[in-house]
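What follows is a set of notes on a single structure, which appears directly below.
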Amino acid sequence: MGHAGVMLNTYPADLGGVDRQVLANCIEACFDCAQTCTACADACLSEHAVAELVRCVRTNLDCADICATTGRVLSRHTGYDANLTRAQLEACAQACRSCGDECGLHAHMHEHCRVCAEACRRCAQSCNELLAALG
Amino acid sequence: MGHAGVMLNTYPADLGGVDRQVLANCIEACFDCAQTCTACADACLSEHAVAELVRCVRTNLDCADICATTGRVLSRHTGYDANLTRAQLEACAQACRSCGDECGLHAHMHEHCRVCAEACRRCAQSCNELLAALG
Amino acid sequence: MGHAGVMLNTYPADLGGVDRQVLANCIEACFDCAQTCTACADACLSEHAVAELVRCVRTNLDCADICATTGRVLSRHTGYDANLTRAQLEACAQACRSCGDECGLHAHMHEHCRVCAEACRRCAQSCNELLAALG
Amino acid sequence: MGHAGVMLNTYPADLGGVDRQVLANCIEACFDCAQTCTACADACLSEHAVAELVRCVRTNLDCADICATTGRVLSRHTGYDANLTRAQLEACAQACRSCGDECGLHAHMHEHCRVCAEACRRCAQSCNELLAALG
(Lines give C-alpha, C1' and ligand atoms only; values in the text may rest on other atoms or scores of the structure.)
Protein backbone atom coordinates (compact mmCIF):
# COMPACT_ATOMS: atom_id res chain seq x y z
CA MET A 1 0.00 0.00 0.00
CA GLY A 2 1.25 3.47 -0.84
CA HIS A 3 1.53 6.39 1.61
CA ALA A 4 -1.82 7.87 0.58
CA GLY A 5 -3.53 4.57 1.39
CA VAL A 6 -1.75 4.38 4.74
CA MET A 7 -2.96 7.87 5.65
CA LEU A 8 -6.53 7.09 4.50
CA ASN A 9 -6.55 4.24 7.02
CA THR A 10 -5.69 6.64 9.85
CA TYR A 11 -8.58 9.03 9.13
CA PRO A 12 -10.55 9.20 12.39
CA ALA A 13 -14.02 9.90 10.99
CA ASP A 14 -16.32 8.34 8.40
CA LEU A 15 -15.16 8.40 4.78
CA GLY A 16 -18.73 8.22 3.53
CA GLY A 17 -18.64 4.92 1.67
CA VAL A 18 -16.08 5.92 -0.98
CA ASP A 19 -14.00 3.04 -2.44
CA ARG A 20 -10.73 3.49 -0.52
CA GLN A 21 -8.56 1.81 -3.13
CA VAL A 22 -9.90 3.96 -5.95
CA LEU A 23 -9.44 7.10 -3.87
CA ALA A 24 -5.90 6.19 -2.75
CA ASN A 25 -4.91 5.33 -6.35
CA CYS A 26 -6.18 8.68 -7.57
CA ILE A 27 -4.36 10.67 -4.85
CA GLU A 28 -1.10 8.90 -5.67
CA ALA A 29 -1.61 9.28 -9.43
CA CYS A 30 -2.14 13.03 -8.96
CA PHE A 31 1.03 13.51 -6.90
CA ASP A 32 3.10 11.30 -9.26
CA CYS A 33 1.78 13.15 -12.32
CA ALA A 34 2.53 16.53 -10.71
CA GLN A 35 6.15 15.48 -10.18
CA THR A 36 6.49 13.93 -13.63
CA CYS A 37 5.04 16.96 -15.44
CA THR A 38 7.31 19.31 -13.47
CA ALA A 39 10.32 17.22 -14.50
CA CYS A 40 9.15 16.93 -18.13
CA ALA A 41 8.73 20.71 -18.46
CA ASP A 42 12.30 21.11 -17.21
CA ALA A 43 13.65 18.36 -19.49
CA CYS A 44 11.97 20.06 -22.48
CA LEU A 45 13.74 23.29 -21.52
CA SER A 46 17.06 21.45 -21.73
CA GLU A 47 16.48 20.06 -25.26
CA HIS A 48 18.24 21.70 -28.23
CA ALA A 49 14.81 21.78 -29.91
CA VAL A 50 13.23 23.76 -27.04
CA ALA A 51 11.60 26.15 -29.54
CA GLU A 52 9.49 23.24 -30.83
CA LEU A 53 8.50 22.23 -27.30
CA VAL A 54 7.11 25.46 -25.84
CA ARG A 55 3.51 24.25 -26.06
CA CYS A 56 4.61 21.05 -24.28
CA VAL A 57 6.32 23.03 -21.48
CA ARG A 58 3.22 25.14 -20.99
CA THR A 59 0.81 22.19 -20.86
CA ASN A 60 3.17 20.40 -18.46
CA LEU A 61 3.17 23.41 -16.12
CA ASP A 62 -0.62 23.65 -16.12
CA CYS A 63 -1.00 19.90 -15.62
CA ALA A 64 1.52 19.89 -12.74
CA ASP A 65 -0.36 22.68 -10.94
CA ILE A 66 -3.79 21.13 -11.52
CA CYS A 67 -2.68 17.63 -10.44
CA ALA A 68 -1.01 19.01 -7.30
CA THR A 69 -4.16 20.88 -6.31
CA THR A 70 -6.41 17.92 -7.10
CA GLY A 71 -4.20 15.59 -5.04
CA ARG A 72 -4.54 18.00 -2.10
CA VAL A 73 -8.32 18.34 -2.42
CA LEU A 74 -8.63 14.53 -2.51
CA SER A 75 -6.38 14.19 0.57
CA ARG A 76 -9.03 16.06 2.60
CA HIS A 77 -12.18 14.30 3.81
CA THR A 78 -13.52 16.61 6.52
CA GLY A 79 -16.51 18.66 5.40
CA TYR A 80 -16.64 16.94 2.01
CA ASP A 81 -18.20 19.00 -0.80
CA ALA A 82 -19.24 16.79 -3.73
CA ASN A 83 -19.70 19.66 -6.21
CA LEU A 84 -16.26 21.12 -5.56
CA THR A 85 -14.52 17.72 -5.64
CA ARG A 86 -16.27 16.66 -8.85
CA ALA A 87 -15.48 19.94 -10.65
CA GLN A 88 -11.79 19.76 -9.73
CA LEU A 89 -11.59 16.09 -10.76
CA GLU A 90 -13.10 16.97 -14.15
CA ALA A 91 -10.54 19.76 -14.60
CA CYS A 92 -7.77 17.31 -13.70
CA ALA A 93 -9.00 14.65 -16.13
CA GLN A 94 -9.08 17.31 -18.88
CA ALA A 95 -5.60 18.63 -18.05
CA CYS A 96 -4.18 15.10 -18.07
CA ARG A 97 -5.83 14.36 -21.43
CA SER A 98 -4.41 17.58 -22.90
CA CYS A 99 -0.95 16.95 -21.50
CA GLY A 100 -0.96 13.24 -22.40
CA ASP A 101 -1.87 14.14 -25.98
CA GLU A 102 0.76 16.89 -26.23
CA CYS A 103 3.54 14.78 -24.69
CA GLY A 104 2.41 11.85 -26.84
CA LEU A 105 3.28 13.89 -29.96
CA HIS A 106 6.93 14.01 -28.81
CA ALA A 107 7.15 10.53 -27.27
CA HIS A 108 9.08 9.04 -30.21
CA MET A 109 11.71 11.77 -29.91
CA HIS A 110 12.00 12.38 -26.16
CA GLU A 111 11.93 9.67 -23.52
CA HIS A 112 10.76 12.20 -20.86
CA CYS A 113 7.70 12.94 -22.99
CA ARG A 114 7.00 9.23 -23.41
CA VAL A 115 7.15 8.58 -19.65
CA CYS A 116 5.14 11.73 -18.94
CA ALA A 117 2.41 10.86 -21.46
CA GLU A 118 1.98 7.54 -19.63
CA ALA A 119 1.75 9.26 -16.23
CA CYS A 120 -0.86 11.68 -17.61
CA ARG A 121 -2.99 8.91 -19.10
CA ARG A 122 -2.81 6.91 -15.87
CA CYS A 123 -3.88 9.98 -13.89
CA ALA A 124 -6.73 10.82 -16.30
CA GLN A 125 -7.96 7.24 -15.95
CA SER A 126 -7.72 7.37 -12.14
CA CYS A 127 -9.73 10.61 -12.11
CA ASN A 128 -12.39 9.08 -14.32
CA GLU A 129 -12.57 5.96 -12.14
CA LEU A 130 -12.98 8.09 -9.05
CA LEU A 131 -15.64 10.24 -10.73
CA ALA A 132 -17.53 7.04 -11.59
CA ALA A 133 -17.11 5.68 -8.04
CA LEU A 134 -18.40 8.94 -6.53
CA GLY A 135 -21.60 8.36 -8.53
CA MET B 1 -3.65 48.97 -13.32
CA GLY B 2 -2.66 46.01 -11.17
CA HIS B 3 0.48 43.91 -11.60
CA ALA B 4 -1.31 41.22 -13.61
CA GLY B 5 -2.47 43.84 -16.12
CA VAL B 6 1.05 45.29 -16.34
CA MET B 7 2.46 41.83 -17.12
CA LEU B 8 -0.30 41.14 -19.70
CA ASN B 9 0.84 44.26 -21.56
CA THR B 10 4.41 42.89 -21.79
CA TYR B 11 3.37 39.58 -23.38
CA PRO B 12 5.33 39.40 -26.66
CA ALA B 13 2.91 37.30 -28.72
CA ASP B 14 -0.78 37.47 -29.66
CA LEU B 15 -3.31 37.09 -26.82
CA GLY B 16 -5.95 35.80 -29.24
CA GLY B 17 -8.58 38.50 -28.88
CA VAL B 18 -9.36 37.93 -25.18
CA ASP B 19 -10.67 40.99 -23.27
CA ARG B 20 -7.51 42.05 -21.41
CA GLN B 21 -9.33 43.82 -18.60
CA VAL B 22 -11.56 40.83 -17.88
CA LEU B 23 -8.56 38.49 -17.92
CA ALA B 24 -6.42 40.74 -15.69
CA ASN B 25 -9.30 41.16 -13.22
CA CYS B 26 -9.74 37.40 -12.99
CA ILE B 27 -6.03 36.71 -12.45
CA GLU B 28 -5.91 39.28 -9.64
CA ALA B 29 -9.15 38.01 -8.09
CA CYS B 30 -7.74 34.47 -8.03
CA PHE B 31 -4.48 35.51 -6.32
CA ASP B 32 -6.31 37.77 -3.83
CA CYS B 33 -8.83 35.02 -3.02
CA ALA B 34 -6.03 32.46 -2.53
CA GLN B 35 -4.40 34.76 0.04
CA THR B 36 -7.67 35.63 1.76
CA CYS B 37 -8.79 31.97 2.06
CA THR B 38 -5.38 30.96 3.44
CA ALA B 39 -5.65 33.71 6.07
CA CYS B 40 -9.30 32.86 6.86
CA ALA B 41 -8.48 29.18 7.41
CA ASP B 42 -5.78 30.25 9.87
CA ALA B 43 -8.04 32.80 11.62
CA CYS B 44 -10.70 30.07 12.04
CA LEU B 45 -8.04 27.88 13.69
CA SER B 46 -7.44 30.64 16.22
CA GLU B 47 -11.10 31.03 17.23
CA HIS B 48 -12.30 29.53 20.53
CA ALA B 49 -15.15 27.97 18.51
CA VAL B 50 -12.76 26.19 16.14
CA ALA B 51 -14.75 22.94 16.49
CA GLU B 52 -17.70 24.67 14.79
CA LEU B 53 -15.49 25.96 11.99
CA VAL B 54 -13.79 22.79 10.71
CA ARG B 55 -15.90 22.68 7.55
CA CYS B 56 -15.01 26.34 6.97
CA VAL B 57 -11.27 25.63 7.38
CA ARG B 58 -11.47 22.75 4.94
CA THR B 59 -13.37 24.68 2.27
CA ASN B 60 -10.97 27.61 2.69
CA LEU B 61 -7.99 25.28 2.11
CA ASP B 62 -9.53 23.80 -1.05
CA CYS B 63 -10.53 27.22 -2.35
CA ALA B 64 -7.04 28.63 -1.68
CA ASP B 65 -5.40 25.79 -3.64
CA ILE B 66 -7.87 25.96 -6.53
CA CYS B 67 -7.66 29.77 -6.83
CA ALA B 68 -3.85 29.67 -6.75
CA THR B 69 -3.73 27.08 -9.53
CA THR B 70 -6.35 28.91 -11.60
CA GLY B 71 -4.45 32.19 -11.24
CA ARG B 72 -1.32 30.46 -12.55
CA VAL B 73 -3.09 28.81 -15.49
CA LEU B 74 -4.58 32.19 -16.45
CA SER B 75 -1.15 33.86 -16.17
CA ARG B 76 0.07 31.67 -19.07
CA HIS B 77 -0.87 32.47 -22.67
CA THR B 78 1.62 30.43 -24.72
CA GLY B 79 0.08 27.30 -26.28
CA TYR B 80 -3.39 28.19 -25.00
CA ASP B 81 -5.73 25.19 -24.48
CA ALA B 82 -9.36 26.31 -24.31
CA ASN B 83 -10.69 23.02 -22.87
CA LEU B 84 -8.18 22.96 -20.01
CA THR B 85 -8.65 26.65 -19.17
CA ARG B 86 -12.44 26.42 -19.24
CA ALA B 87 -12.53 23.29 -17.01
CA GLN B 88 -10.24 24.89 -14.42
CA LEU B 89 -12.25 28.14 -14.46
CA GLU B 90 -15.44 26.14 -13.84
CA ALA B 91 -13.80 24.34 -10.90
CA CYS B 92 -12.67 27.70 -9.51
CA ALA B 93 -16.13 29.27 -9.86
CA GLN B 94 -17.58 26.24 -8.02
CA ALA B 95 -14.95 26.35 -5.23
CA CYS B 96 -15.55 30.08 -4.74
CA ARG B 97 -19.33 29.56 -4.57
CA SER B 98 -18.87 26.76 -2.00
CA CYS B 99 -16.43 28.80 0.09
CA GLY B 100 -18.43 32.03 -0.21
CA ASP B 101 -21.53 30.19 1.00
CA GLU B 102 -19.70 28.50 3.88
CA CYS B 103 -17.92 31.67 5.04
CA GLY B 104 -21.20 33.56 4.59
CA LEU B 105 -22.75 31.36 7.29
CA HIS B 106 -20.21 32.71 9.82
CA ALA B 107 -19.97 36.29 8.53
CA HIS B 108 -22.11 37.74 11.31
CA MET B 109 -19.84 36.16 13.94
CA HIS B 110 -16.36 36.43 12.42
CA GLU B 111 -15.08 39.43 10.48
CA HIS B 112 -12.49 37.23 8.66
CA CYS B 113 -15.33 35.10 7.29
CA ARG B 114 -17.24 38.21 6.18
CA VAL B 115 -14.23 39.59 4.29
CA CYS B 116 -13.44 36.15 2.87
CA ALA B 117 -17.01 35.53 1.67
CA GLU B 118 -16.78 38.82 -0.28
CA ALA B 119 -13.44 37.83 -1.84
CA CYS B 120 -14.89 34.45 -2.86
CA ARG B 121 -17.98 35.99 -4.45
CA ARG B 122 -15.87 38.55 -6.31
CA CYS B 123 -13.63 35.73 -7.61
CA ALA B 124 -16.59 33.53 -8.62
CA GLN B 125 -18.03 36.48 -10.54
CA SER B 126 -14.68 37.19 -12.23
CA CYS B 127 -14.41 33.54 -13.30
CA ASN B 128 -17.94 33.62 -14.73
CA GLU B 129 -17.22 36.87 -16.58
CA LEU B 130 -14.08 35.37 -18.08
CA LEU B 131 -15.91 32.16 -19.04
CA ALA B 132 -18.52 34.31 -20.83
CA ALA B 133 -15.81 36.41 -22.54
CA LEU B 134 -14.00 33.26 -23.75
CA GLY B 135 -17.22 32.29 -25.56
CA MET C 1 -4.62 49.09 2.48
CA GLY C 2 -4.27 45.90 0.45
CA HIS C 3 -6.23 42.68 1.02
CA ALA C 4 -3.48 41.09 3.13
CA GLY C 5 -3.56 44.05 5.50
CA VAL C 6 -7.36 43.89 5.70
CA MET C 7 -7.18 40.20 6.64
CA LEU C 8 -4.41 40.85 9.20
CA ASN C 9 -6.80 43.25 10.95
CA THR C 10 -9.43 40.50 11.27
CA TYR C 11 -7.11 38.01 12.98
CA PRO C 12 -8.82 37.16 16.28
CA ALA C 13 -5.75 36.37 18.40
CA ASP C 14 -2.51 38.12 19.28
CA LEU C 15 -0.04 38.74 16.45
CA GLY C 16 2.87 38.77 18.90
CA GLY C 17 4.10 42.31 18.40
CA VAL C 18 5.10 42.00 14.75
CA ASP C 19 5.01 45.24 12.70
CA ARG C 20 1.71 44.80 10.82
CA GLN C 21 2.65 47.06 7.92
CA VAL C 22 5.94 45.27 7.30
CA LEU C 23 4.20 41.88 7.47
CA ALA C 24 1.33 42.92 5.16
CA ASN C 25 3.79 44.42 2.65
CA CYS C 26 5.79 41.18 2.59
CA ILE C 27 2.70 38.97 2.09
CA GLU C 28 1.54 41.13 -0.82
CA ALA C 29 5.03 41.31 -2.33
CA CYS C 30 5.24 37.48 -2.24
CA PHE C 31 1.88 36.98 -3.97
CA ASP C 32 2.60 39.69 -6.56
CA CYS C 33 6.05 38.25 -7.29
CA ALA C 34 4.60 34.73 -7.64
CA GLN C 35 2.16 36.00 -10.29
CA THR C 36 4.78 38.11 -12.07
CA CYS C 37 7.36 35.28 -12.22
CA THR C 38 4.70 32.85 -13.53
CA ALA C 39 3.82 35.33 -16.28
CA CYS C 40 7.48 36.09 -17.07
CA ALA C 41 8.31 32.39 -17.48
CA ASP C 42 5.43 32.12 -19.94
CA ALA C 43 6.41 35.30 -21.80
CA CYS C 44 9.99 33.96 -22.15
CA LEU C 45 8.53 30.77 -23.68
CA SER C 46 6.83 32.92 -26.33
CA GLU C 47 9.99 34.79 -27.38
CA HIS C 48 11.75 33.80 -30.63
CA ALA C 49 14.97 33.68 -28.59
CA VAL C 50 13.55 31.16 -26.09
CA ALA C 51 16.71 29.03 -26.34
CA GLU C 52 18.66 31.92 -24.74
CA LEU C 53 16.09 32.27 -21.97
CA VAL C 54 15.86 28.73 -20.56
CA ARG C 55 17.79 29.66 -17.41
CA CYS C 56 15.44 32.61 -16.96
CA VAL C 57 12.35 30.38 -17.33
CA ARG C 58 13.73 27.96 -14.77
CA THR C 59 14.61 30.60 -12.20
CA ASN C 60 11.18 32.22 -12.71
CA LEU C 61 9.47 28.89 -12.00
CA ASP C 62 11.47 28.32 -8.81
CA CYS C 63 10.90 31.89 -7.64
CA ALA C 64 7.15 31.66 -8.34
CA ASP C 65 6.86 28.46 -6.26
CA ILE C 66 8.99 29.78 -3.40
CA CYS C 67 7.19 33.15 -3.24
CA ALA C 68 3.77 31.45 -3.30
CA THR C 69 4.75 29.17 -0.42
CA THR C 70 6.32 32.01 1.56
CA GLY C 71 3.21 34.16 1.08
CA ARG C 72 1.10 31.32 2.50
CA VAL C 73 3.38 30.69 5.47
CA LEU C 74 3.29 34.43 6.29
CA SER C 75 -0.53 34.47 5.99
CA ARG C 76 -0.72 32.08 8.97
CA HIS C 77 -0.25 33.35 12.53
CA THR C 78 -1.67 30.53 14.67
CA GLY C 79 1.04 28.40 16.31
CA TYR C 80 3.83 30.64 14.99
CA ASP C 81 7.21 28.90 14.58
CA ALA C 82 10.04 31.44 14.33
CA ASN C 83 12.64 28.97 13.01
CA LEU C 84 10.43 27.74 10.19
CA THR C 85 9.29 31.25 9.20
CA ARG C 86 12.83 32.64 9.24
CA ALA C 87 14.24 29.77 7.14
CA GLN C 88 11.51 30.13 4.50
CA LEU C 89 11.97 33.92 4.40
CA GLU C 90 15.70 33.44 3.83
CA ALA C 91 15.01 31.01 0.98
CA CYS C 92 12.58 33.52 -0.53
CA ALA C 93 15.04 36.41 -0.28
CA GLN C 94 17.65 34.22 -2.03
CA ALA C 95 15.25 33.09 -4.78
CA CYS C 96 14.22 36.70 -5.42
CA ARG C 97 17.86 37.82 -5.60
CA SER C 98 18.66 35.00 -8.07
CA CYS C 99 15.61 35.71 -10.21
CA GLY C 100 16.03 39.48 -10.06
CA ASP C 101 19.65 39.09 -11.23
CA GLU C 102 18.74 36.67 -14.03
CA CYS C 103 15.78 38.75 -15.28
CA GLY C 104 17.94 41.86 -14.94
CA LEU C 105 20.31 40.42 -17.57
CA HIS C 106 17.46 40.46 -20.11
CA ALA C 107 15.72 43.64 -18.97
CA HIS C 108 17.08 45.75 -21.84
CA MET C 109 15.70 43.25 -24.37
CA HIS C 110 12.43 42.09 -22.83
CA GLU C 111 9.97 44.34 -21.00
CA HIS C 112 8.54 41.33 -19.07
CA CYS C 113 12.01 40.65 -17.64
CA ARG C 114 12.41 44.31 -16.69
CA VAL C 115 9.08 44.37 -14.82
CA CYS C 116 9.80 40.98 -13.25
CA ALA C 117 13.29 41.99 -12.06
CA GLU C 118 11.68 44.93 -10.26
CA ALA C 119 9.05 42.68 -8.62
CA CYS C 120 11.79 40.28 -7.48
CA ARG C 121 13.92 43.07 -5.98
CA ARG C 122 10.91 44.55 -4.20
CA CYS C 123 10.06 41.12 -2.78
CA ALA C 124 13.66 40.41 -1.71
CA GLN C 125 13.70 43.77 0.09
CA SER C 126 10.35 43.06 1.79
CA CYS C 127 11.65 39.69 3.00
CA ASN C 128 14.79 41.30 4.39
CA GLU C 129 12.76 44.03 6.12
CA LEU C 130 10.52 41.39 7.71
CA LEU C 131 13.54 39.31 8.77
CA ALA C 132 14.96 42.42 10.45
CA ALA C 133 11.61 43.24 12.10
CA LEU C 134 11.29 39.67 13.46
CA GLY C 135 14.59 40.23 15.24
CA MET D 1 12.91 2.69 -8.79
CA GLY D 2 10.28 5.35 -8.10
CA HIS D 3 8.84 7.76 -10.66
CA ALA D 4 11.25 10.57 -9.72
CA GLY D 5 14.20 8.28 -10.41
CA VAL D 6 12.70 7.20 -13.74
CA MET D 7 12.32 10.85 -14.80
CA LEU D 8 15.87 11.68 -13.64
CA ASN D 9 17.14 9.01 -16.05
CA THR D 10 15.36 10.71 -18.96
CA TYR D 11 16.95 14.12 -18.36
CA PRO D 12 18.70 14.98 -21.65
CA ALA D 13 21.53 17.16 -20.29
CA ASP D 14 24.25 16.81 -17.67
CA LEU D 15 23.14 16.53 -14.03
CA GLY D 16 26.45 17.94 -12.82
CA GLY D 17 27.73 14.99 -10.84
CA VAL D 18 24.98 14.90 -8.21
CA ASP D 19 24.32 11.49 -6.61
CA ARG D 20 21.17 10.43 -8.52
CA GLN D 21 19.89 8.09 -5.83
CA VAL D 22 20.18 10.73 -3.10
CA LEU D 23 18.44 13.29 -5.31
CA ALA D 24 15.64 10.91 -6.35
CA ASN D 25 15.08 9.86 -2.72
CA CYS D 26 14.79 13.48 -1.65
CA ILE D 27 12.32 14.40 -4.43
CA GLU D 28 10.11 11.45 -3.50
CA ALA D 29 10.37 12.15 0.23
CA CYS D 30 9.26 15.77 -0.40
CA PHE D 31 6.20 14.76 -2.45
CA ASP D 32 5.25 11.99 0.01
CA CYS D 33 5.63 14.34 2.98
CA ALA D 34 3.54 17.01 1.25
CA GLN D 35 0.70 14.50 0.79
CA THR D 36 1.03 13.10 4.30
CA CYS D 37 1.04 16.53 5.98
CA THR D 38 -2.00 17.62 3.93
CA ALA D 39 -3.85 14.49 5.07
CA CYS D 40 -2.69 14.87 8.70
CA ALA D 41 -3.93 18.48 8.87
CA ASP D 42 -7.32 17.27 7.64
CA ALA D 43 -7.39 14.30 10.04
CA CYS D 44 -6.61 16.66 12.95
CA LEU D 45 -9.59 18.81 11.87
CA SER D 46 -11.81 15.74 12.20
CA GLU D 47 -10.71 14.89 15.77
CA HIS D 48 -13.01 15.74 18.69
CA ALA D 49 -9.96 17.32 20.32
CA VAL D 50 -9.34 19.67 17.37
CA ALA D 51 -8.90 22.63 19.75
CA GLU D 52 -5.75 20.94 21.16
CA LEU D 53 -4.42 20.31 17.65
CA VAL D 54 -4.51 23.76 16.05
CA ARG D 55 -0.74 24.19 16.26
CA CYS D 56 -0.37 20.76 14.64
CA VAL D 57 -2.75 21.71 11.78
CA ARG D 58 -0.83 24.92 11.17
CA THR D 59 2.59 23.27 11.13
CA ASN D 60 1.24 20.55 8.84
CA LEU D 61 -0.01 23.19 6.39
CA ASP D 62 3.33 25.00 6.34
CA CYS D 63 5.26 21.75 5.99
CA ALA D 64 2.99 20.56 3.14
CA ASP D 65 3.55 23.81 1.21
CA ILE D 66 7.30 23.89 1.82
CA CYS D 67 7.80 20.20 0.89
CA ALA D 68 5.72 20.62 -2.29
CA THR D 69 7.80 23.62 -3.38
CA THR D 70 11.08 21.91 -2.49
CA GLY D 71 10.06 18.79 -4.44
CA ARG D 72 9.40 20.99 -7.50
CA VAL D 73 12.67 22.91 -7.21
CA LEU D 74 14.57 19.60 -6.96
CA SER D 75 12.70 18.21 -10.00
CA ARG D 76 14.31 20.94 -12.15
CA HIS D 77 17.93 20.63 -13.30
CA THR D 78 18.19 23.18 -16.13
CA GLY D 79 20.03 26.36 -15.12
CA TYR D 80 20.86 24.99 -11.64
CA ASP D 81 21.35 27.64 -8.94
CA ALA D 82 23.20 26.21 -5.93
CA ASN D 83 22.38 29.09 -3.58
CA LEU D 84 18.65 28.92 -4.26
CA THR D 85 18.51 25.12 -4.01
CA ARG D 86 20.51 25.03 -0.79
CA ALA D 87 18.40 27.74 0.90
CA GLN D 88 15.14 25.97 0.01
CA LEU D 89 16.51 22.61 1.20
CA GLU D 90 17.46 24.19 4.52
CA ALA D 91 13.97 25.64 4.90
CA CYS D 92 12.51 22.21 4.11
CA ALA D 93 14.72 20.42 6.63
CA GLN D 94 13.65 22.98 9.26
CA ALA D 95 9.93 22.66 8.42
CA CYS D 96 10.16 18.85 8.60
CA ARG D 97 11.94 19.03 11.96
CA SER D 98 9.27 21.40 13.32
CA CYS D 99 6.41 19.30 11.99
CA GLY D 100 7.97 15.99 13.01
CA ASP D 101 8.40 17.34 16.55
CA GLU D 102 4.85 18.70 16.72
CA CYS D 103 3.24 15.56 15.29
CA GLY D 104 5.49 13.48 17.54
CA LEU D 105 3.81 15.09 20.58
CA HIS D 106 0.47 13.59 19.49
CA ALA D 107 1.75 10.29 18.07
CA HIS D 108 0.64 8.25 21.07
CA MET D 109 -2.91 9.60 20.71
CA HIS D 110 -3.40 9.87 16.95
CA GLU D 111 -2.17 7.33 14.41
CA HIS D 112 -2.17 9.99 11.64
CA CYS D 113 0.28 12.06 13.71
CA ARG D 114 2.48 9.01 14.27
CA VAL D 115 2.66 8.22 10.54
CA CYS D 116 3.13 11.90 9.69
CA ALA D 117 5.96 12.36 12.20
CA GLU D 118 7.77 9.47 10.52
CA ALA D 119 7.28 10.99 7.05
CA CYS D 120 8.61 14.34 8.30
CA ARG D 121 11.69 12.78 9.88
CA ARG D 122 12.41 10.77 6.73
CA CYS D 123 12.09 13.92 4.62
CA ALA D 124 14.29 15.98 6.98
CA GLN D 125 16.95 13.26 6.77
CA SER D 126 16.70 13.13 2.95
CA CYS D 127 17.13 16.91 2.77
CA ASN D 128 20.18 16.75 5.02
CA GLU D 129 21.68 13.90 2.97
CA LEU D 130 21.18 15.89 -0.22
CA LEU D 131 22.66 19.03 1.37
CA ALA D 132 25.71 16.97 2.32
CA ALA D 133 25.94 15.42 -1.16
CA LEU D 134 25.76 18.85 -2.82
CA GLY D 135 28.89 19.81 -0.86
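For reference, chains read A, B, C and D in written order, and residue numbers begin at 1 within each chain.
Note that a residue touches a chain if its C-beta (ideal position, glycine included) is under 8 Å from a C-beta of that chain, and two chains touch if they have at least 3 such contacts.
The structure displayed is predicted, hence computed values, not measured ones.
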| item | value |
| --- | --- |
| Same-site or different-site touching of chain A by its copy chain B, using the half cut | same |
| Chain located farthest away, centre of chain B as origin (C-alpha) | D |
| Pair joined by the larger number of C-beta contacts - A-D, A-C | A-D |
| Rounded Å distance, chain A centre to chain D centre (Cα mean) | 19 |
| Chain centre separation in whole Å, for chain C relative to chain A (CA means) | 27 |
| Shared interface positions of chain B, touching two or more other chains | 42, 45-46, 54, 57-58, 61, 68, 72, 76, 78-79 |
| Pairwise touch network: line, ring, star, complete, or other | complete |
| Chain A-touching residues of chain D, taken from the complex the two chains share | 3-4, 6-8, 10-13, 27-28, 31-32, 34-36, 38-40, 42-43, 45-47, 64, 68, 71-72, 75-79, 110-112, 115-116, 119 |
| In the complex, chain D residues that touch chain B | 41-42, 45-46, 48, 50-51, 54, 57-58, 61 |
| Parts of chain A lying in touch with chain B, wherever the complex brings them together | 54-59, 61-62, 65-66, 68-69, 72-73, 76, 78-79, 81, 83-84, 87-88, 90-91, 94-95, 98 |
